[in-house]
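Have a look at the structure below before the remarks.
As written, the chains take the letters A, B, C and D, and residue 1 is the first residue of each chain.
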Amino acid sequence: MQITVFAFAHTRDQLGFGEKVLTCEAQDTPRAILRRLAPRFDPGKTVRVAVDREYADWDQPIGSASELALIPPVSGG
Amino acid sequence: MQITVFAFAHTRDQLGFGEKVLTCEAQDTPRAILRRLAPRFDPGKTVRVAVDREYADWDQPIGSASELALIPPVSGG
Amino acid sequence: MKKQIEFTRAPIVVPPQPGKLREIGACVEFHGIVRKMENGRVIPALFYEAYEAMARSQLERIADELNAAHPCDELCLIHRLGPVPTGEASMYLRVLSRHRQEAFDFAAAFVTRLKADAPIWKTPAPASQCTAP
Amino acid sequence: MKKQIEFTRAPIVVPPQPGKLREIGACVEFHGIVRKMENGRVIPALFYEAYEAMARSQLERIADELNAAHPCDELCLIHRLGPVPTGEASMYLRVLSRHRQEAFDFAAAFVTRLKADAPIWKTPAPASQCTAP
(Lines give C-alpha, C1' and ligand atoms only; values in the text may rest on other atoms or scores of the structure.)
Protein backbone atom coordinates (compact mmCIF):
# COMPACT_ATOMS: atom_id res chain seq x y z
CA MET A 1 0.00 0.00 0.00
CA GLN A 2 1.01 3.60 -0.44
CA ILE A 3 0.93 6.56 1.90
CA THR A 4 1.53 10.24 1.21
CA VAL A 5 3.73 11.90 3.80
CA PHE A 6 3.34 15.66 4.24
CA ALA A 7 5.79 17.92 6.03
CA PHE A 8 4.91 21.48 6.99
CA ALA A 9 6.71 24.60 8.16
CA HIS A 10 10.11 23.87 9.68
CA THR A 11 9.76 20.09 9.35
CA ARG A 12 9.51 20.64 5.59
CA ASP A 13 12.72 22.64 5.71
CA GLN A 14 14.41 20.01 7.84
CA LEU A 15 13.27 17.04 5.77
CA GLY A 16 13.73 18.77 2.45
CA PHE A 17 10.33 17.88 1.05
CA GLY A 18 6.74 18.94 1.51
CA GLU A 19 5.13 15.80 0.17
CA LYS A 20 6.40 12.32 -0.63
CA VAL A 21 4.66 9.09 -1.60
CA LEU A 22 5.90 5.97 0.12
CA THR A 23 5.19 2.26 0.07
CA CYS A 24 4.32 0.86 3.48
CA GLU A 25 2.46 -1.84 5.41
CA ALA A 26 -0.63 -1.56 7.60
CA GLN A 27 1.35 -2.50 10.68
CA ASP A 28 3.94 0.26 10.14
CA THR A 29 3.86 3.03 12.72
CA PRO A 30 4.34 6.71 11.87
CA ARG A 31 7.63 6.57 13.79
CA ALA A 32 8.90 3.66 11.69
CA ILE A 33 7.82 5.32 8.46
CA LEU A 34 9.56 8.55 9.39
CA ARG A 35 12.71 6.68 10.42
CA ARG A 36 12.81 4.96 7.06
CA LEU A 37 12.28 8.29 5.29
CA ALA A 38 14.71 10.38 7.31
CA PRO A 39 16.86 8.26 9.60
CA ARG A 40 18.44 11.23 11.33
CA PHE A 41 15.26 13.24 11.88
CA ASP A 42 13.96 13.24 15.44
CA PRO A 43 10.42 14.62 15.90
CA GLY A 44 11.21 15.17 19.57
CA LYS A 45 8.32 16.04 21.85
CA THR A 46 7.02 19.01 19.90
CA VAL A 47 6.29 17.57 16.47
CA ARG A 48 2.91 15.82 16.38
CA VAL A 49 1.82 13.37 13.75
CA ALA A 50 -1.52 13.25 11.95
CA VAL A 51 -2.85 10.13 10.26
CA ASP A 52 -5.62 10.70 7.75
CA ARG A 53 -6.04 14.25 9.03
CA GLU A 54 -6.41 13.32 12.68
CA TYR A 55 -3.81 13.74 15.40
CA ALA A 56 -2.41 10.26 16.05
CA ASP A 57 0.09 8.35 18.11
CA TRP A 58 3.63 8.01 16.77
CA ASP A 59 3.60 4.35 17.79
CA GLN A 60 0.15 3.31 16.62
CA PRO A 61 0.12 1.27 13.33
CA ILE A 62 -1.27 3.29 10.44
CA GLY A 63 -3.71 0.61 9.28
CA SER A 64 -5.30 1.59 5.96
CA ALA A 65 -4.43 5.29 6.22
CA SER A 66 -3.44 7.12 3.06
CA GLU A 67 -2.06 10.36 4.55
CA LEU A 68 0.53 10.96 7.23
CA ALA A 69 1.57 14.48 8.21
CA LEU A 70 4.24 15.97 10.41
CA ILE A 71 2.73 18.76 12.48
CA PRO A 72 5.33 20.99 14.09
CA PRO A 73 4.02 23.40 16.76
CA VAL A 74 1.13 25.28 15.18
CA SER A 75 0.77 29.06 15.16
CA GLY A 76 -2.38 29.98 13.28
CA GLY A 77 -4.71 32.84 14.08
CA MET B 1 -31.93 76.98 44.34
CA GLN B 2 -33.45 75.06 41.48
CA ILE B 3 -33.17 71.44 40.41
CA THR B 4 -34.36 69.73 37.24
CA VAL B 5 -36.06 66.40 37.89
CA PHE B 6 -36.01 63.85 35.05
CA ALA B 7 -38.21 60.78 34.84
CA PHE B 8 -37.55 58.01 32.33
CA ALA B 9 -39.37 55.00 30.94
CA HIS B 10 -42.17 53.80 33.19
CA THR B 11 -41.46 56.36 35.91
CA ARG B 12 -42.21 59.04 33.34
CA ASP B 13 -45.51 57.35 32.59
CA GLN B 14 -46.32 57.01 36.28
CA LEU B 15 -45.35 60.56 37.21
CA GLY B 16 -46.82 62.12 34.10
CA PHE B 17 -43.77 64.19 33.19
CA GLY B 18 -40.34 63.65 31.74
CA GLU B 19 -38.74 66.78 33.10
CA LYS B 20 -39.75 69.31 35.74
CA VAL B 21 -37.92 72.25 37.34
CA LEU B 22 -38.31 72.58 41.08
CA THR B 23 -37.18 74.92 43.82
CA CYS B 24 -35.36 73.13 46.63
CA GLU B 25 -32.75 73.45 49.38
CA ALA B 26 -29.27 71.94 49.63
CA GLN B 27 -30.29 69.77 52.55
CA ASP B 28 -33.26 68.24 50.70
CA THR B 29 -32.89 64.57 49.93
CA PRO B 30 -34.01 62.98 46.65
CA ARG B 31 -36.68 61.13 48.60
CA ALA B 32 -38.05 64.37 50.06
CA ILE B 33 -38.03 66.09 46.69
CA LEU B 34 -39.84 63.20 45.05
CA ARG B 35 -42.39 63.08 47.87
CA ARG B 36 -43.12 66.76 47.38
CA LEU B 37 -43.44 66.26 43.65
CA ALA B 38 -45.55 63.09 43.69
CA PRO B 39 -46.80 62.26 47.19
CA ARG B 40 -48.25 58.93 46.13
CA PHE B 41 -45.28 57.70 44.09
CA ASP B 42 -43.15 55.05 45.76
CA PRO B 43 -39.83 54.31 44.06
CA GLY B 44 -39.76 50.98 45.85
CA LYS B 45 -36.54 49.02 45.73
CA THR B 46 -36.12 48.97 41.97
CA VAL B 47 -36.07 52.64 41.04
CA ARG B 48 -32.65 54.16 41.55
CA VAL B 49 -31.94 57.87 41.78
CA ALA B 50 -29.15 59.80 40.08
CA VAL B 51 -27.91 63.16 41.27
CA ASP B 52 -25.93 65.18 38.76
CA ARG B 53 -25.67 62.09 36.54
CA GLU B 54 -24.29 59.80 39.24
CA TYR B 55 -26.16 57.06 41.03
CA ALA B 56 -26.93 58.43 44.48
CA ASP B 57 -28.59 57.62 47.77
CA TRP B 58 -32.26 58.43 48.15
CA ASP B 59 -31.55 59.80 51.63
CA GLN B 60 -28.39 61.80 50.96
CA PRO B 61 -28.92 65.60 50.75
CA ILE B 62 -28.54 66.88 47.20
CA GLY B 63 -26.17 69.73 48.09
CA SER B 64 -25.57 71.97 45.09
CA ALA B 65 -26.80 69.45 42.51
CA SER B 66 -28.76 70.73 39.54
CA GLU B 67 -30.11 67.45 38.12
CA LEU B 68 -32.02 64.64 39.74
CA ALA B 69 -33.21 61.65 37.75
CA LEU B 70 -35.41 58.67 38.44
CA ILE B 71 -33.78 55.54 37.01
CA PRO B 72 -36.15 52.61 36.76
CA PRO B 73 -34.55 49.23 36.01
CA VAL B 74 -32.39 49.75 32.95
CA SER B 75 -32.51 47.56 29.85
CA GLY B 76 -30.07 48.92 27.31
CA GLY B 77 -27.99 46.90 24.91
CA MET C 1 -7.58 54.27 25.90
CA LYS C 2 -9.37 56.10 23.13
CA LYS C 3 -13.15 56.14 23.67
CA GLN C 4 -15.88 57.03 21.23
CA ILE C 5 -19.43 56.76 22.58
CA GLU C 6 -22.37 57.73 20.41
CA PHE C 7 -26.13 57.62 20.40
CA THR C 8 -28.01 57.68 17.15
CA ARG C 9 -31.63 57.61 15.97
CA ALA C 10 -30.62 56.25 12.56
CA PRO C 11 -29.60 52.69 11.68
CA ILE C 12 -26.10 51.96 12.92
CA VAL C 13 -23.35 52.37 10.37
CA VAL C 14 -20.13 50.67 11.40
CA PRO C 15 -17.40 53.30 11.29
CA PRO C 16 -14.36 52.46 9.17
CA GLN C 17 -11.44 50.80 10.91
CA PRO C 18 -8.69 53.18 11.89
CA GLY C 19 -6.25 52.73 8.95
CA LYS C 20 -2.97 50.98 9.57
CA LEU C 21 -2.96 49.99 13.17
CA ARG C 22 0.19 50.43 15.16
CA GLU C 23 0.37 47.59 17.61
CA ILE C 24 -3.21 46.37 17.41
CA GLY C 25 -3.44 42.59 17.14
CA ALA C 26 -7.12 42.07 17.90
CA CYS C 27 -10.38 43.67 16.93
CA VAL C 28 -13.50 42.37 18.65
CA GLU C 29 -16.89 43.61 17.51
CA PHE C 30 -20.35 43.03 18.89
CA HIS C 31 -23.75 43.76 17.43
CA GLY C 32 -26.75 43.45 19.71
CA ILE C 33 -29.69 42.69 17.45
CA VAL C 34 -33.41 43.06 18.16
CA ARG C 35 -34.96 39.60 18.10
CA LYS C 36 -38.41 38.84 16.79
CA MET C 37 -39.50 37.25 20.05
CA GLU C 38 -39.25 39.34 23.18
CA ASN C 39 -40.49 37.67 26.35
CA GLY C 40 -42.39 35.07 24.36
CA ARG C 41 -44.27 37.35 22.00
CA VAL C 42 -43.56 38.53 18.48
CA ILE C 43 -42.64 42.20 18.27
CA PRO C 44 -42.09 44.39 15.22
CA ALA C 45 -39.62 46.67 16.97
CA LEU C 46 -38.20 47.84 20.28
CA PHE C 47 -38.15 51.44 21.36
CA TYR C 48 -35.02 52.71 23.10
CA GLU C 49 -34.59 55.79 25.21
CA ALA C 50 -31.67 57.02 27.31
CA TYR C 51 -30.62 59.62 29.81
CA GLU C 52 -27.89 60.44 27.34
CA ALA C 53 -25.62 62.70 29.36
CA MET C 54 -25.54 60.27 32.27
CA ALA C 55 -25.27 57.21 30.05
CA ARG C 56 -22.26 58.72 28.37
CA SER C 57 -20.47 59.50 31.62
CA GLN C 58 -21.38 56.12 33.12
CA LEU C 59 -20.11 54.29 30.05
CA GLU C 60 -16.88 56.27 30.03
CA ARG C 61 -16.29 55.37 33.65
CA ILE C 62 -17.14 51.71 33.01
CA ALA C 63 -14.64 51.72 30.15
CA ASP C 64 -11.92 53.18 32.37
CA GLU C 65 -12.60 50.62 35.09
CA LEU C 66 -12.54 47.71 32.64
CA ASN C 67 -9.44 49.08 30.99
CA ALA C 68 -7.57 48.72 34.26
CA ALA C 69 -8.39 44.99 34.31
CA HIS C 70 -8.27 44.32 30.56
CA PRO C 71 -6.00 46.91 28.94
CA CYS C 72 -7.27 47.84 25.49
CA ASP C 73 -6.43 50.59 23.04
CA GLU C 74 -9.69 51.74 21.60
CA LEU C 75 -13.41 51.52 22.23
CA CYS C 76 -16.19 52.53 19.89
CA LEU C 77 -19.79 52.23 21.05
CA ILE C 78 -22.85 53.21 19.08
CA HIS C 79 -26.21 52.76 20.78
CA ARG C 80 -29.39 53.35 18.91
CA LEU C 81 -32.35 55.31 20.31
CA GLY C 82 -35.96 55.48 19.19
CA PRO C 83 -37.60 52.59 17.37
CA VAL C 84 -35.33 49.75 16.25
CA PRO C 85 -37.02 47.21 13.97
CA THR C 86 -36.62 43.48 14.51
CA GLY C 87 -33.43 42.19 12.91
CA GLU C 88 -31.58 45.49 13.19
CA ALA C 89 -28.78 46.27 15.62
CA SER C 90 -29.62 48.24 18.74
CA MET C 91 -25.96 48.52 19.65
CA TYR C 92 -22.53 48.15 18.15
CA LEU C 93 -19.29 47.81 20.04
CA ARG C 94 -15.72 47.63 18.78
CA VAL C 95 -12.73 47.03 20.98
CA LEU C 96 -9.14 47.08 19.76
CA SER C 97 -6.24 45.69 21.71
CA ARG C 98 -2.78 44.31 21.40
CA HIS C 99 -3.79 40.79 22.39
CA ARG C 100 -7.11 39.09 21.80
CA GLN C 101 -8.01 37.98 25.30
CA GLU C 102 -8.13 41.53 26.62
CA ALA C 103 -10.45 42.62 23.82
CA PHE C 104 -12.79 39.64 24.29
CA ASP C 105 -12.91 40.10 28.06
CA PHE C 106 -13.34 43.86 27.80
CA ALA C 107 -16.10 43.60 25.21
CA ALA C 108 -18.12 40.94 27.04
CA ALA C 109 -17.79 42.75 30.37
CA PHE C 110 -18.60 46.12 28.84
CA VAL C 111 -21.90 44.87 27.43
CA THR C 112 -22.77 43.28 30.77
CA ARG C 113 -21.98 46.50 32.64
CA LEU C 114 -23.88 48.59 30.09
CA LYS C 115 -26.95 46.42 30.56
CA ALA C 116 -26.67 46.65 34.34
CA ASP C 117 -25.88 50.32 34.84
CA ALA C 118 -26.25 52.55 31.81
CA PRO C 119 -29.49 54.58 31.99
CA ILE C 120 -30.93 53.20 28.76
CA TRP C 121 -34.35 51.60 28.46
CA LYS C 122 -36.17 49.55 25.90
CA THR C 123 -39.90 49.01 25.62
CA PRO C 124 -41.72 46.79 23.10
CA ALA C 125 -43.74 49.72 21.76
CA PRO C 126 -43.04 53.45 21.72
CA ALA C 127 -43.43 54.68 25.29
CA SER C 128 -45.84 57.51 25.82
CA GLN C 129 -43.81 60.63 26.04
CA CYS C 130 -45.40 62.91 28.58
CA THR C 131 -48.97 61.86 29.06
CA ALA C 132 -50.75 62.87 32.23
CA PRO C 133 -51.28 59.98 34.66
CA MET D 1 -25.01 25.07 13.77
CA LYS D 2 -24.19 26.43 10.34
CA LYS D 3 -20.44 26.46 9.69
CA GLN D 4 -18.51 28.23 6.97
CA ILE D 5 -14.75 27.75 7.04
CA GLU D 6 -12.57 29.26 4.34
CA PHE D 7 -8.95 29.79 3.50
CA THR D 8 -7.93 32.58 1.18
CA ARG D 9 -4.75 33.99 -0.28
CA ALA D 10 -6.36 37.38 -0.85
CA PRO D 11 -7.11 40.09 1.73
CA ILE D 12 -10.08 39.10 3.85
CA VAL D 13 -13.38 40.56 2.78
CA VAL D 14 -16.03 40.34 5.49
CA PRO D 15 -19.01 38.52 4.02
CA PRO D 16 -22.33 40.35 4.24
CA GLN D 17 -24.50 39.59 7.23
CA PRO D 18 -27.21 37.03 6.58
CA GLY D 19 -30.21 39.31 5.87
CA LYS D 20 -33.02 39.47 8.39
CA LEU D 21 -32.02 37.21 11.19
CA ARG D 22 -34.61 34.98 12.74
CA GLU D 23 -33.82 34.67 16.38
CA ILE D 24 -30.29 36.01 16.38
CA GLY D 25 -29.66 38.48 19.18
CA ALA D 26 -25.88 38.65 19.10
CA CYS D 27 -23.18 38.88 16.49
CA VAL D 28 -19.58 38.69 17.72
CA GLU D 29 -16.78 39.28 15.28
CA PHE D 30 -13.04 38.96 15.66
CA HIS D 31 -10.21 40.12 13.43
CA GLY D 32 -6.74 38.85 14.23
CA ILE D 33 -4.35 41.46 12.85
CA VAL D 34 -0.65 41.14 12.03
CA ARG D 35 1.27 43.44 14.37
CA LYS D 36 4.36 45.38 13.42
CA MET D 37 6.38 43.85 16.21
CA GLU D 38 6.67 40.08 16.38
CA ASN D 39 8.85 38.70 19.16
CA GLY D 40 10.51 42.04 19.65
CA ARG D 41 11.45 42.81 16.06
CA VAL D 42 9.77 44.84 13.33
CA ILE D 43 8.38 42.70 10.52
CA PRO D 44 6.81 43.75 7.21
CA ALA D 45 4.55 40.69 6.98
CA LEU D 46 3.87 37.20 8.23
CA PHE D 47 3.63 34.18 5.98
CA TYR D 48 0.89 31.66 6.71
CA GLU D 49 0.59 28.09 5.53
CA ALA D 50 -1.86 25.34 6.44
CA TYR D 51 -2.59 21.68 6.04
CA GLU D 52 -5.91 22.81 4.69
CA ALA D 53 -7.91 19.60 4.59
CA MET D 54 -6.96 18.71 8.14
CA ALA D 55 -7.37 22.26 9.40
CA ARG D 56 -10.87 22.33 8.01
CA SER D 57 -11.91 19.05 9.63
CA GLN D 58 -10.22 19.99 12.93
CA LEU D 59 -11.96 23.35 12.98
CA GLU D 60 -15.33 21.80 12.21
CA ARG D 61 -14.90 19.38 15.07
CA ILE D 62 -13.76 22.17 17.42
CA ALA D 63 -16.87 24.13 16.41
CA ASP D 64 -19.11 21.16 17.17
CA GLU D 65 -17.49 20.62 20.55
CA LEU D 66 -17.78 24.27 21.51
CA ASN D 67 -21.33 24.39 20.25
CA ALA D 68 -22.28 21.78 22.83
CA ALA D 69 -21.01 24.04 25.62
CA HIS D 70 -21.97 27.42 24.10
CA PRO D 71 -24.86 26.88 21.68
CA CYS D 72 -24.60 29.23 18.72
CA ASP D 73 -26.34 29.43 15.37
CA GLU D 74 -23.71 30.28 12.87
CA LEU D 75 -19.96 30.38 12.49
CA CYS D 76 -17.99 32.00 9.70
CA LEU D 77 -14.21 31.70 9.70
CA ILE D 78 -11.86 33.06 7.08
CA HIS D 79 -8.16 32.39 7.54
CA ARG D 80 -5.64 33.92 5.26
CA LEU D 81 -2.70 32.00 3.76
CA GLY D 82 0.48 33.24 2.11
CA PRO D 83 1.98 36.61 2.98
CA VAL D 84 -0.12 38.91 5.18
CA PRO D 85 1.28 42.43 5.54
CA THR D 86 1.49 44.18 8.89
CA GLY D 87 -1.80 45.83 9.81
CA GLU D 88 -3.94 43.41 7.79
CA ALA D 89 -6.13 40.66 9.21
CA SER D 90 -4.81 37.12 9.17
CA MET D 91 -8.14 35.77 10.35
CA TYR D 92 -11.77 36.78 10.65
CA LEU D 93 -14.37 35.06 12.76
CA ARG D 94 -18.08 35.75 13.08
CA VAL D 95 -20.35 33.96 15.51
CA LEU D 96 -24.10 34.46 15.66
CA SER D 97 -26.24 33.38 18.57
CA ARG D 98 -29.47 34.02 20.34
CA HIS D 99 -27.82 35.46 23.44
CA ARG D 100 -24.55 37.33 23.64
CA GLN D 101 -22.69 35.33 26.25
CA GLU D 102 -22.70 32.18 24.14
CA ALA D 103 -21.30 34.05 21.14
CA PHE D 104 -18.56 35.74 23.20
CA ASP D 105 -17.58 32.49 24.90
CA PHE D 106 -17.70 30.51 21.68
CA ALA D 107 -15.64 33.06 19.76
CA ALA D 108 -12.93 33.45 22.39
CA ALA D 109 -12.65 29.68 22.89
CA PHE D 110 -12.67 28.99 19.16
CA VAL D 111 -9.69 31.27 18.56
CA THR D 112 -7.83 29.66 21.47
CA ARG D 113 -8.53 26.16 20.14
CA LEU D 114 -7.61 27.18 16.60
CA LYS D 115 -4.25 28.48 17.83
CA ALA D 116 -3.63 25.31 19.82
CA ASP D 117 -4.73 22.63 17.37
CA ALA D 118 -5.41 23.76 13.82
CA PRO D 119 -2.51 22.81 11.53
CA ILE D 120 -1.74 26.37 10.47
CA TRP D 121 1.67 27.98 10.73
CA LYS D 122 3.08 31.45 10.49
CA THR D 123 6.64 32.44 9.84
CA PRO D 124 8.09 35.97 9.75
CA ALA D 125 9.36 35.53 6.19
CA PRO D 126 8.19 33.28 3.37
CA ALA D 127 9.17 29.74 4.29
CA SER D 128 11.19 27.88 1.74
CA GLN D 129 8.78 25.72 -0.16
CA CYS D 130 10.55 22.49 -1.05
CA THR D 131 14.27 23.12 -0.97
CA ALA D 132 16.65 20.20 -0.57
CA PRO D 133 18.34 20.04 2.86
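Here, a contact is a pair of C-beta atoms (placed from the backbone, for glycine too) under 8 Å apart; a residue touches a chain by one contact, two chains touch by 3 or more.
Computed from a prediction, not measured in an experiment: that's the story for all the values here.
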{"item": "Smallest count of steps, each to a touching chain, taking subunit A to subunit D", "value": "1"}
{"item": "For subunit A paired with subunit C, centre-to-centre distance based on mean C-alpha positions, whole Å", "value": "49"}
{"item": "Rounded Å distance, subunit C centre to subunit D centre (Cα mean)", "value": "24"}
{"item": "Subunit C residues counted as touching two or more neighbouring chains", "value": "32, 100, 111"}
{"item": "Touching two or more other chains - residue numbers and ranges from subunit A", "value": "77"}
{"item": "Pairs of chains satisfying the touch condition", "value": "A-D, B-C, C-D"}
{"item": "Of subunit D, residues touching subunit C in the complex", "value": "19-37, 86-87, 89, 98, 100-101, 103-105, 107-108, 111"}
{"item": "Subunit D-touching residues of subunit A, taken from the complex the two chains share", "value": "6, 8-10, 12-18, 50, 53-55, 69, 71-72, 74-77"}
{"item": "Of subunit D, residues touching subunit A in the complex", "value": "32, 48-51, 53-55, 57-58, 79, 90-91, 111, 114-123, 127-133"}
